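Each structure below appears as C-alpha cells.
Two complexes, one shared chain (subunit A), two partners (subunit B, subunit C).
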Partner chain A sequence: MKKALRTLLYAEWLNFKTERSLLLFALLILMAGGYGIYSGHAEIQRQRAKIEHLDHLYQENIAELKTKYADTADAGDIGYYHATFARHMPDSWAALSIGQRDANPYYIKLRLLAVHNQLCSSENTNPDKLATGSFDLAFVLVFLLPLFIVAICFNLFSAEKERGTLALVLSQPVSLSTFLLCKLLFRFGLVMLLVVLLTAAGILFTGAQPDGRVWVWLGATTLYCLFWFGVCYAVIVLKKSSAFNAICLLGVWLLLTIILPVIINVASQIKQPVTEGLALTLKQREQVHAGWDKPKDETFKRFFAHYPQYRNTSPVTGRFAWKWYFAFQELGDRSVESLYQTYLSKLQSRADWANRFSVVSAPATFQVLLNAVGGTDLQAHLAFVKSARQFHHRLKAYYYPFLFNDQPFRHADYNGEPRHVYQAKPDKAAISMALLTLAISTAFVFALAFVIQLFTNPELK
Partner chain B sequence: MIKTLAQKELVSARRDKRFVLLGAIIVLLLAVAAVSGVVSYNQLSAERNLAQHAADHDFKSQPSRHPHRMAHYGSYAFRPKSSLSFFDFGLDTYTGTMVYLEAHQQNSANFSAVQQSGGLLRFGEMTVAFVLQWLIPLLIIFLTFNTFTQEKEQETLKVLLSQGLTVAQIANAKLQGYAKALSLIILPALLVASLFLLLANGLSIDAGFLLRLLLFLTAYLVYFFIFLAGSILISALNQHSRSALLLLLGIWITACVIMPKVTANLGSLLYQTPSKAEMDATVHHAASHGMNGHDPQDKRTAAFTKALLAKYKVDSVSQLPVNVDGLVMAEGEAYSSKVYAQEFDKLANTYHQQSNVSEWAGLLNPYLAIRYTSMALAGTDAAHYVHFLKAAEDYRYRLAQHLNHLQATKLKYHDKETRLDNSHWKNYPAFSYREPSVGWALGSHLVSVVALLLWGGLLYFFFTRLITRYFTL
Partner chain C sequence: MAFVLEAKNLSKNYQEKQALKPLNLQLQPGEIYSLLGPNGAGKSTTINLFLGFIEPTGGMALINNLEVAKHPVEIKKHLAYIPEQVVLYPNLSGFENLSLLSSLAGFDYRADTLNDFLIRSGLPSEAINKRTGAYSKGMRQKVGIAAALAKRAKVLLLDEPTSGLDPKASNEFSELLLQLSAEGTAVFMATHDIFRAREVSSRIGIMKAGELVHELSSGELDAYELEKLYLNYMHD
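Moving on, here comes the complex of A and B:
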C-alpha cells in the first residue's frame, strides 16, 4: 500500500514535469504573489514616507510661528494657528494585507479647536483606486489561490475518463479513492509549497516581524487551502464531465468570494444605517458657534464645572479672549460627545454584524483574519481615532495652563508639546474568532464531501 | 435555412436545464441588486437631502451677526445621488459625501461609505452593473462555449456542412439564436430594472436623464455582443469543449478579476498623490509667500491698500468710503483660492493619470471599457466627483466673497461690533448642484467609449471572416 502510494506520487511528479499547464499555473500564481508583495510593500512604504514627512510640515509650522511671534506669544494664537498630527504607524505585517488602511486616513491633523470634525476629516485618495482595491498578497491568497486550486483539480477524475485512461488505472491493484487521494495529496503539497514560498518571500521582502503570526498566517492559509481542496473533492466525486466541474467550481468560487460577501455587506448597510456622522458635524457647528452669543459667565460656569482648577483665574472682561474661545470650543465638543459615541458604536456594531455573517463565506472569514493579522481592519482605525482623541485631551492639558493662568508661550515651550504616534496592533480577538470559524468551515466542507461520496458513489470506497 | 438553425439554437437553449437555471439565478440576482439599489438609493438620498435642508435652514435662520462670523459659520455641500447611480454605484461608495464650506480654507469631502464600513465592503457591491458586467458574460460563456465544439465532437457539424452551408452561415445563425435566447433573460430584466429606476426617480423624466438611460442600455448591449461573438468565435476555433471552456474562463478571470487590479495598482505606483496635509501646507506657503515666492502676503496687502488710497485720493484707510478690512480679506481669499484651485487641479490631474492606465487598458479589455463608460453615464465616476468638488468650492468662494463684500460696504473700518440682520443670510441662495450633461460625461471617457465601440465593431465586421479563415473541423 505504502509502495503504491509512493509510486503514484512519483508518477504525478513525472506527470507534473511534463504537463505544461500545471507548471504554467504555478508560475502565474508565483508571479501574482510576487507582484502582490511588491505592490503592498510599495503602498505601505508610501504611507510611511508620508507620515515621516508630517514631521517636516510640523517643524515648518513651528518655524513660521516663531517668526510671527518673535518673542513670546499668547498660547491662544498658537492653539489656533498651530497644527500637530496624530500618526497611525502601520504594523510590520500591514504590507501583506492592506485591508482598510488605504481607505482610512493614517494621520489626523489636529488643532486645539473642537475635535470631532477634525477626527472625521479624510485623506487625498483616488476613489477609482479604492474601488478596485489593493493588489496585495492577501488578494492573491483569498481570491486567486482558490482559482489555482480549482484549475489544477477540477478534472482529476474526469480527465482520466475523457482521455480513456481510467480503465487502465482501474485495472491496477489500487482503489479509485487511493488514486484520487494521491493526486489530491500531490497537488496539496504543491500548493503548500507555493504558499510557504510566498509567505517567506513576503515576510523577508516587507520586513514583517517573524513572530507567532507566521504560524497563524501559515495555519490559516493551510486551513483555507484545505477548504478549497474539500470543495474540489466534493465536486470531483460527483463524477461528472470536466466542463461540468469547471462551471460548478467557478460558480462556487463566485458565490463564496464575491456574491455572499457582497450581499452580507449590502444587508448590513441597509439594516444598520449610520446617519450620526452627518448629524454630528451639523450639530457641532451649531453648538460651537452658539458659544459666541452666549453670555461669557454662563460659558465659564459650564466650563469650570469640568475644570475646577481654573475657577479662580483672571476673569474675561473685554469683547474677546482666547480662553473664552477655547472654552466654548470644548463645550461644543462635550455637547456632541454622546452622539459621537453612538456614531462609533454603530460603526462597530455594523462591522461586527457583517463579520458575524461572514461565517457563511470562508473567503470573507479568511480576509477578516488576514486584515486582523496585519492590524489593518476597521477596528485598528477606530483604535487609532480613539488614541487621537486622547492625544487631543493631552494637548488641551498642555495648553490650558498657559491660557488660563495667562502664561506667555515661549519658544522653548514648543518642545514641551505632547507628540503622538499610534502603533497599529494585530487584532487578537478577531484572529482567534476567524481561525475557529475557518476550521469549522473546513470541517463542514469535508463532512459534506464525505456525505456526497457516500451517497453518490459508494463504489469509490 | 439560417433561420431554422437560429431557431434550433434558441429552442435548444430554452430546453437546456443549465441555461434555465443560470438564467433564473441571474434574474434573481438582478432583482436583489435592483431592490437593494433602490433601498440604499432612497436611504442615502433622503439622508443627504435632509442634511442639506437642515444645513441651509440653519444658515438662513442665523440671527444678526457680524458678516465675518457668518463666513466662519460657513455652509455645507452634500453630494446628491445621481438618479442613475442606482444602476451603477461606481465610485460613490468611495467618495466623500459632505464638504464643510468656510472662509480661508478648503476642507476635505468626508463621510465616504468605505470609511464607515468593515473590510467586507471591499469584496464588491451588489449593483445592477455588477450583474451586467461580471455575471452576464459568464452566463454567455457557459451557454456558448461548446456550441461548435460539441457539434465537432458529435460530428453533427459535418452533416450541416454537407448540406451546402458555409461555416460563416452556421456561425451567424448561432449568433442570432443565442442573441434571442439571451434577450429572453436580459431584456425583461433590464426593462423591470428601468421601471424601478423611473419609480425611484419619482417619475420625473427629463431628456438628459432618458438619454443617459438609453445610452447606458445600449453600451451594455454592445458589451454583451462582444462576449457573445467572442465566445462563439473561440468555440469555433477550438477542437474540444474542454479547451474552449478553459480558455474562455481564463479570459473572464483575467479580464474581470486580475487585470483591473493590476492596472489600478500600476497607475498608483506610477503617479503619486500628495497627502492632504502636504497640499494644505503648499497652498498656505504659496498664499503667504506669493505664488512666485517673492510676493509675500504683507507686501501684497500693503500694495493693495496703497492703490486703494490712490484710487480714492485719501491719506489714510479710515477716510476710505469703503471698509478696507473686507476688501483686504476678499483680496486674500481670491489669492489663496487661486492657489488652491491650482493645487487641486494638479491633484485631480494625478488621479486622472492614475486611472488613465486602466482606461487605456480598456483597448485590450472590454470589461474596463464598459466599467468606465457605465460609471460615466451613471454619473458616478471620478470626473463627476471632481465636478461636484469644484462646484462646492465655487459656492464656498462666492459665499465668502459675498460676506467680505458686505463687510466692505456695510461696516466701518476695524468694526467688530456691528451686526447685520437676518435678511442678509435669509436671501442668500442655498447650494444646489446640477449634474453635467451626457456629452460632458462621455467626453471625459472617450478612450473607453472608443474602446467599447472598437471591440464591438471589430467583432461585428470580422466575426464571419475570422471564422471562415481559421475554422478547422
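Moving on, here comes the complex of A and C:
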C-alpha cells in the first residue's frame, strides 16, 4: 500500500510537470495571489498614510485657530471650528483580507457638535469600485483557489477512464480507492504548497504579525481546500464524463461563491431592515434645529438634568451664547439615543442573521473568518464607531468645563485635548464560530461523497 | 494439477440482458486458451469478470484459487492484462510507463532490467526514452507486453491483442506468447483472429450470445475447418 502510494504520487508528479496547462494555471494562481497581496498592502498603506496625514491636518487646524483666536478664546468658538479625528488603525493582518475596510470609514472627523450625524457621515466613494470589492489575498483564496482545485480535479477519474489508462493501472494490485486517494493527495499537496507559499509571501510582504493567527489562517484555508476537494470527490465518484463533471463543479462554484451569498445578503436586508439610520439623522436634525426656537430656560432645564454640576452657570442674557448652542446640540443627541441603540443592534442582528445562514455557503463562511482574522469585519467597524462615540464623550468632558464655567480656552489647552486611535483587533468569537462551521461543512461534504460512492455502481466498465 | 484460472457457473446479466450465461472453464499453467466470437458475444465481459472490473451476477471467477470478487486486489498480483488498445500515459516515456506499472505490481527493477523487458518485448531501443504519445499502436502494445513480462504473472489476459497489428508484429506477438506459455504462464485470449488462435492455442472456445457453444483442442481441426465451424455457429 505504502509503495503503491509512493509510486502513484511519483507518477502524478511526472504527469503534472509535463502538463503545461496545469503548470500555467498554478503559475496564474501564484501571480494572482502575488497581486492580491500587493493590492491589499497598497490599500492598507494608503489608509495608514491617510490616517497619519490626519495628524498634520489636526496640527494645521490648531495653528489656524491659534492665529484666529487670542490666547483667551471662548471654548465655544474652538468647539465649533476645531476638528479632531477618530482613527481606526488597521491590524497588521488587514492587508491580507481587507474585508469592510474599503466600504466603511476608517476615520471620522469630529467636532463638539451633536455626534450622531458626524458618526454617519464619511467621504464619498465610487460605488462601482466598492461593488467589485477589493482584490486581496483573501479574494484569491475564497474565489480563485476553488476554481484551481476544480480545474485539477474535475477529470481526475474520468480522464483516466476516457483515455484508457485506468484499465492498465487497475489491472495492477491497486484498488480504485487507493488510486483516487493518491491523485487527490497529490493535488491537495500541490494546492497546500501554493497556499503556504502565498501565506508566507503575504506575511513577509505586508509585515503581518507572525502570531497564532498564522495557524488559524493556514488551518482555515486547509479546511476550505478540503471542503472543495470533498465537493470534487462527491462529483468524481458519480463516475460521469469529464464534461459533466466540469459543468457540475462550475455550477457548484457559482452557486456557493456568488448566488447563495447574494441571496443571503438580499434576504438579510429584507428580513432585518435597518431603517433607523435615516430616521435618527432626520430626528436629530429636527431636534437640533428646533433648539433655536425653544426658550433658553427650557433648554437649560433639560440640559442641567443631565449635567447638574453646571446648574449654577451664569445665565444667558443675550441673543446667542455658545453654551446654549452646545446644550441643544447635546439634547439633540440625547433625543435619538434609543433610536441609535436600536440602529446598532439591528445592524448587529442583520450581520448575525447573515452569518447564521452563511453556513450554507462555505466561501461566505471562509470570507467571514478571514475578515475576522484581519480585524476588518463589521464587528471591527462597529467597535470603532462605539469607540469614536466614547471619544466624543471625552471631548465633551474636556470642553464643557471651559464652556459652562466660562473659562477662557488658552493656546496651551490644546495640548490637553483628548486624542483618539482605535486599534483594530481580530474577532476571536467570529473566528471560532466560522472555524467550527467550516469544519462541519467539510465533514458534511465528505459524508455526502461517501454516501454517493456507496450508492454508485462500483463497476468500472 | 491446480488451475490458475477458473470459472464456476460464472454469469453476468445487465438488467434483462444475459451478457454471459453460466460459464465453466479451467486453465492450467502454461495453457493458452483462445475465445472466439463476434462482437457482443461476451468475450470482453468474461475478461472483465476475471479482472474484477465488473461483478458477476452468479457463480465465481477464480485466479490462482482466489475468488476475484472477494480478493479484487490480491488476484491482480497473479495476472497481467493487455487490452485491445494499450493506452499509456502519453507524457511519460515507455521506460517511465513500465517503471510505474512494475512498481505498482510490487517490483523494484533496476533500469537495465526494465530496458531488457522492453527490448525483449520488441520495442526499438531508440524509442525507450521517448514520450509514448508519439508511439504507434504496436509500440504501445509492446510496452504492455513488457509490463506483463515484468510482472511475472501466472495468468495473462488478452483482449483482442493482435487487432490492428501488422502481420510481422502479430507473428512476433505469437512467438512471445508461446515463449511465455513454455515458461508456465497461462494465457486467456479473446480474439477474432481464427488463424492466430489456432496457431498458438492449446484450446479454443467459441462463444455466441454470451454462451460458450463449442470447445475444442487446437489440433482437432485445421484453420480452414475451424473457420467453417465458427461460421456455421455464427449463421445459426
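Following the convention adopted for this analysis, the second predicted complex is superposed on the first by the 455 of 461 C-alpha atoms of A that agree within 3 Å, B and C clash if a C-alpha of one lies under 4 Å from a C-alpha of the other, contacts with A are read in each partner's own complex, and residues count from 1 in each chain.
We take it that a residue touches a chain if its C-beta (ideal position, glycine included) is under 8 Å from a C-beta of that chain, and two chains touch if they have at least 3 such contacts.
Given the structure is predicted, the values throughout are model-derived calculations rather than measurements.
Colleague: Classify the contacts of A:84 with the two partner chains as first (subunit B alone), second (subunit C alone), both, or neither.
Modeller: neither
Colleague: Quick check on the superposed pair: does A:35 touch subunit B, subunit C, both, or neither? Answer first, second, both or neither.
Modeller: Touch partner of A:35: subunit B, not subunit C.
Colleague: After the superposition on A, what does A:104 contact: first (subunit B), second (subunit C), both or neither?
Modeller: first
Colleague: If we overlay the two complexes on their shared chain A, which of subunit B and subunit C does A:442 touch? Say first, second, both or neither.
Modeller: The answer is neither, since A:442 touches no partner chain.
Colleague: For A:3, using the defined touch cut-off, is the partner it touches subunit B, subunit C, both, or neither? Pick first, second, both or neither.
Modeller: It touches subunit C, and subunit B stays clear.
Colleague: Just subunit B (first), just subunit C (second), both, or neither: which does A:329 touch?
Modeller: Neither partner.
Colleague: I want to verify the contact counts: of subunit B and subunit C, which reaches more residues of subunit A?
Modeller: B
Colleague: So in the superposed three-chain picture, is A:19 touching just subunit B, just subunit C, both, or none of them (first/second/both/neither)?
Modeller: Only subunit C is touched by A:19; subunit B is not.
Colleague: List the residues of subunit A that touch subunit B in one complex and subunit C in the other.
Modeller: Touching subunit B and subunit C on subunit A: no residues.
Colleague: In the complex of these two chains, what residues of subunit B are touching subunit A?
Modeller: 18, 29, 32, 36, 39-40, 43, 47-48, 51, 54-55, 58, 63, 69, 72-74, 76, 78, 90-91, 93-98, 100, 107-126, 130, 134-135, 138, 142, 145-146, 241-242, 245-246, 249, 253, 257-258, 260-262, 264-265, 267-269, 272-281, 288, 347, 350-351, 354-355, 358, 381-382, 385, 416-417
Colleague: Name, in rising order, each residue of subunit A that touches subunit C in their complex.
Modeller: That would be residues 3-4, 7-8, 10-11, 14-15, 18-19, 163-165, 167-175, 458-461 of subunit A.
Colleague: Per the contact definition, I'd like the list of subunit C residues that touch subunit A in the complex.
Modeller: Touch list, subunit C to subunit A: 48, 51, 53-55, 72-74, 76-77, 79-81, 83, 85-89, 91-92, 96, 100-101, 103-106, 131, 144, 147, 151, 157.
Colleague: Which residues of subunit A touch subunit B in their complex?
Modeller: Touching subunit B: residues 32, 35, 39, 42-43, 46, 50, 53-54, 57, 60-61, 64, 85, 99-100, 103-105, 107, 109, 117, 120-135, 139, 143-144, 147, 155, 162, 242-243, 246-247, 250, 254, 257-259, 261-270, 273-275, 277-279, 281-282, 285-286, 289, 292-293, 319, 347, 350-351, 354-355, 358, 363-364, 367-368, 371, 377-378 of subunit A.
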